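Reviewing the structure listed below.
Chains here go by letter, A, B and C, matching the order in which they are written, and residues are numbered from 1 within each.
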Amino acid sequence: MSVTSGNILEVRGLQTQFNTLDGVVRAVDGVSFDLARGETLGIVGESGCGKSVTALSILRLIPPETGRIAGGSIKFEGEELTTLGEEAMKGLRGHRISMIFQEPMTSLNPVLTVGTQIAENVVRHMGVSWRAARERSFEMLDLVRIADARRRLDEYPHQLSGGMRQRVMIALALSCDPQVLIADEPTTALDVTIQAQILDLMLELKEKTGTAIVLITHDLGVIAETTERVVVMYAGRKVEEAPVEALFAEPLHPYTRGLMRAIPRLDIEADAAGMRPRLQEIPGLVPRLTQPIPGCAFAPRCGFATERCRAEPPPLVDAGGGHTVACWEVDRVRASAL
Amino acid sequence: MTAYIVRRLFATLPVMAVVAVFVFFLIRFAPGDPAAIIAGEDATAEAIAQVRAKLGLDRPFMEQFFIWILQMLQGDLGVSIFSNLPVSRLIVQRVEPTVALTLSTLFVAVALAIPIGVVAAWKARRLVDRLVMGFAVLGFAMPVFVLAYILIYFFAVQWQLLPVQGYRPIAEGFWPFVESLILPSVALGVTYMALIARITRASMLEVLAQDYIRTANAKGLATDRVLLLHALKNAAVPIVTVIGIGIALLISGVVITETVFNIPGLGRLTVDAVLKRDYPVVQGLILVFAAAKVLVNLIIDISYAFLDPRIRY
Amino acid sequence: MAVITDDLALPPRRFSLATAIRRNPTITFGAVLLTALIVVAIFAPYIAYSDPFKIAPVNRLRPPSERWWFGTDQFGRDVFSRTVYGARVSLFVGLTVAAFSSLLGLALGLLCGYFRRVDGIVMRVMDGLMAIPSILLAIALITLTRPGLGIVIVAIIIPEVPRIVRVVRAVVLSIRSQPYIESAIAGGTKNAKLLMRHVLPNALAPLIVQSTYVCASAMLIEAGLSFLGAGVPPEVPSWGNIIAQGRTFFQIAPWTILIPGTFLAITVLAVNLLGDGLRDRLDPRLARRL
């Protein structure tokens, strides 16, 4: 079934909620998207928009004491993950779906050697001996271009630099040849020069292994360089989805436009005084998610908003060429200058 | 590594020196006339002078100090006023029951408390956790002797499952030996267990919230591997620290437990010496107990280096 | 932008006793229990229905009943009255030790934190004192003096002081390294002024928390010493003494031990709960560690 559709991952109407002292937070509120085999999909949005929670929901790593998947469906190769047994889910994690986290400094266990941390994943999922798993770990470290990989196997994370640790995370995530790799802000914590190296490495490995990637970031620059298709999230909802060229050529949601105005641009010439146009921020704050939002979540911050925007949630409409957007005023937005 | 151990070993010297000097000064600066108090209420001036001579209090101060230091360095802890036997011999005679009691309590308490604390942290805020925390809070408030009598009342008097009192040396057979240690160990160990279970839970809760635990879960590892390797190894340093701090509880508890259960160990020796005001024995025991505590802390300091690769040695 | 602040404003909170209790159940429980025990201790002469010292051999070892609520001991003394009076000894020792060791510990801790030259010596001495198990240190002092409540209190204070010193010293050292203090020192502010302004308020919370634990520990040590016969003079009805005197007849009259023992445990529990609750409220950093 999934083979015919060509999608390895299909997320439909995902709702993830957290219980807090102030009430139930609807961190993800009805998000849907597909991931094709070997594709690179970007999910972009401000912090707190629910993109990381979406990623954790796919792996079912939402801490059960505080949160739960309240609705929707996640299908991996046609198999429903939201109702899958915990043991079967553990068999998928790190094996067929793996994940890279934002903080390379804290995501590796400080008291276990790098070699152990990669090898245990291989032993868990490939059913091989520790000796063979260690060999595999060495190959993986070599693959992510860690120099002197043999020696590094016996080192602890604190002996490695931030960039190296993120390489170790990538080696770990790819050690069992996963079909899907979810990378949650993989370069945010790194220096700019290292960021580019890590992204290049991920793309290069993707070409080699055919792993589909979900790249989660708040950085539209990263999206433009690495992804094929983009989902824009705001306040737990998907507001726009498009092939990456279409999105940058003509962003249709006012929020996406706001994000783009906040990127520093080097292609615009400085004026005579050496000044570039001021970067624009989106006014206002992300709404609290403890109350159901009746209309469009972005309406309080949106320059195009009307009465209807505040009252009724806009449906996702097809704008042609695989470009969908959830905005009542899309025609006015399209007509206005970026 | 050897250099690290040697360095830690040397660091214990000033601590022991302070203990020795403190014990030395205590009797010399105690209010009133210690010799008169030690000799007893109705003592004659002659008897008091005799005690004073025995304690060396009649000699010049500096001379006393150097004699005391020299004796200490030779392992000579002085002579009991009451029995005239060397203090070191009295201590050696009584050491077996105390070592048996403390070690059995230590191992059983640690072996039970850590799993209890781990489960409580894993099932945080559920029923198991609340029961463990309840036990920890109650256990920590329970005086050793009260618990001891409650245990004796039920297990020895009412149900007659275990002996009321006494100690059987291991030479008289393993089972009688174990039987005689069960109630004292439980009475002595509950507070210690409560302390360790509590720190284990707290330390594990902090570790379980860390990013690397999420990474371990994202690998699909079995729960026991995540808890017992990834989490517990990171939580170990505070737990081991508290195991060391708690040794003081065990030592104080031993004095009381041995009295309740009539066990002829160092604790009982201490109490007898206090009641007879046999100060040389008391000071010898203080030095031995302090040395035991310092030794345990040394072992713990060294164990840090094995538990956490970030600690440089 | 200003429009949104309305949305973010929290609903006004009014003080309500029910909410306060729900949010701090341990503080409330501990405080209520402790207050009740203090009331019992203060009004002991009115609560105790008979003379705790009165010996009546005819009525020896009577089990708890309507006439003797907690039974009688081997001298026919009323255990209820003795237990009520025992609360006085325990609480007095606990509170006095907590107060004096806090003051002494605060003074030494400030001294160590401020004058680095004193620090090395004082901390070595503290390390040495901490190496001696507290009950043994108290025992050693008591061996050398005549029995009395005062010497018991002094003997318990000495081993408790180092614990307070460490806490206070740690606070002073951490505050000292703050940039605003460094600049104040560079600007020539007097040490004493700095102490009052910055260190004391910060040291207060951990000091209060630590002193509750010292109070609980002091009550346990006092009872332990009395139980061993090395505490307050045997004629004083402290819980430890009542228990010690009940030992011989424990098998036929267990109430002489179990009842004062339960009271001791409850009192220590109340103080510990108060300490735990205060620690969670006042010192979140410490709370996370324990």
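By our rule, a residue touches a chain if its C-beta (ideal position, glycine included) is under 8 Å from a C-beta of that chain, and two chains touch if they have at least 3 such contacts.
Computed from a predicted structure; not experimentally measured.
K.L.:
What pair of chains has the most C-beta pairs in contact?
P.N.:
Maximum number of inter-chain contact pairs occurs for B-C.
K.L.:
Among all other chains, pick the one whose mean CA position is farthest from the mean CA position of chain B.
P.N.:
The most remote chain is A.
K.L.:
Could you please state the distance in Å, as a whole number, between where the Cα atoms of chain A are centred and where those of chain B are centred?
P.N.:
Inter-chain centre distance comes to 54 Å.
K.L.:
Could you put a whole-Å number on the gap between the CA centroids of chain B and chain C?
P.N.:
22
K.L.:
Do you know which chain B residues sit against two or more other chains?
P.N.:
Within chain B, no residue touches at least two other chains.
K.L.:
Report the residues of chain B in contact with chain C in the complex, numbered from low to high.
P.N.:
For this pair, the touching residues of chain B are 14-19, 21-23, 26-27, 30-32, 34, 37-38, 137-138, 140-146, 149-150, 152-153, 157, 164, 198-199, 202-203, 206, 238, 248, 251-252, 255-256, 259-260, 270-271, 273-275, 277-279, 282-283, 285-286, 289-290, 293-294.
K.L.:
Please name which positions on chain A make contact with chain B in the complex.
P.N.:
Checking each residue of chain A against chain B gives 59, 61, 65, 89-95, 98-99, 101, 103, 106-112, 120-121, 124-125, 156, 158, 169, 172.
K.L.:
Which chain B residues qualify as touching chain A in the complex?
P.N.:
124-125, 210-212, 214-222, 225, 229-230, 233-234, 307-310
K.L.:
Please output the residues of chain C touching chain B within their complex, sorted ascending.
P.N.:
124-125, 127-129, 131-137, 139-146, 216, 220-221, 223-224, 227-230, 243, 247, 250-251, 254, 257-258, 261-262, 264-266, 268-269, 272-273, 276, 288-290
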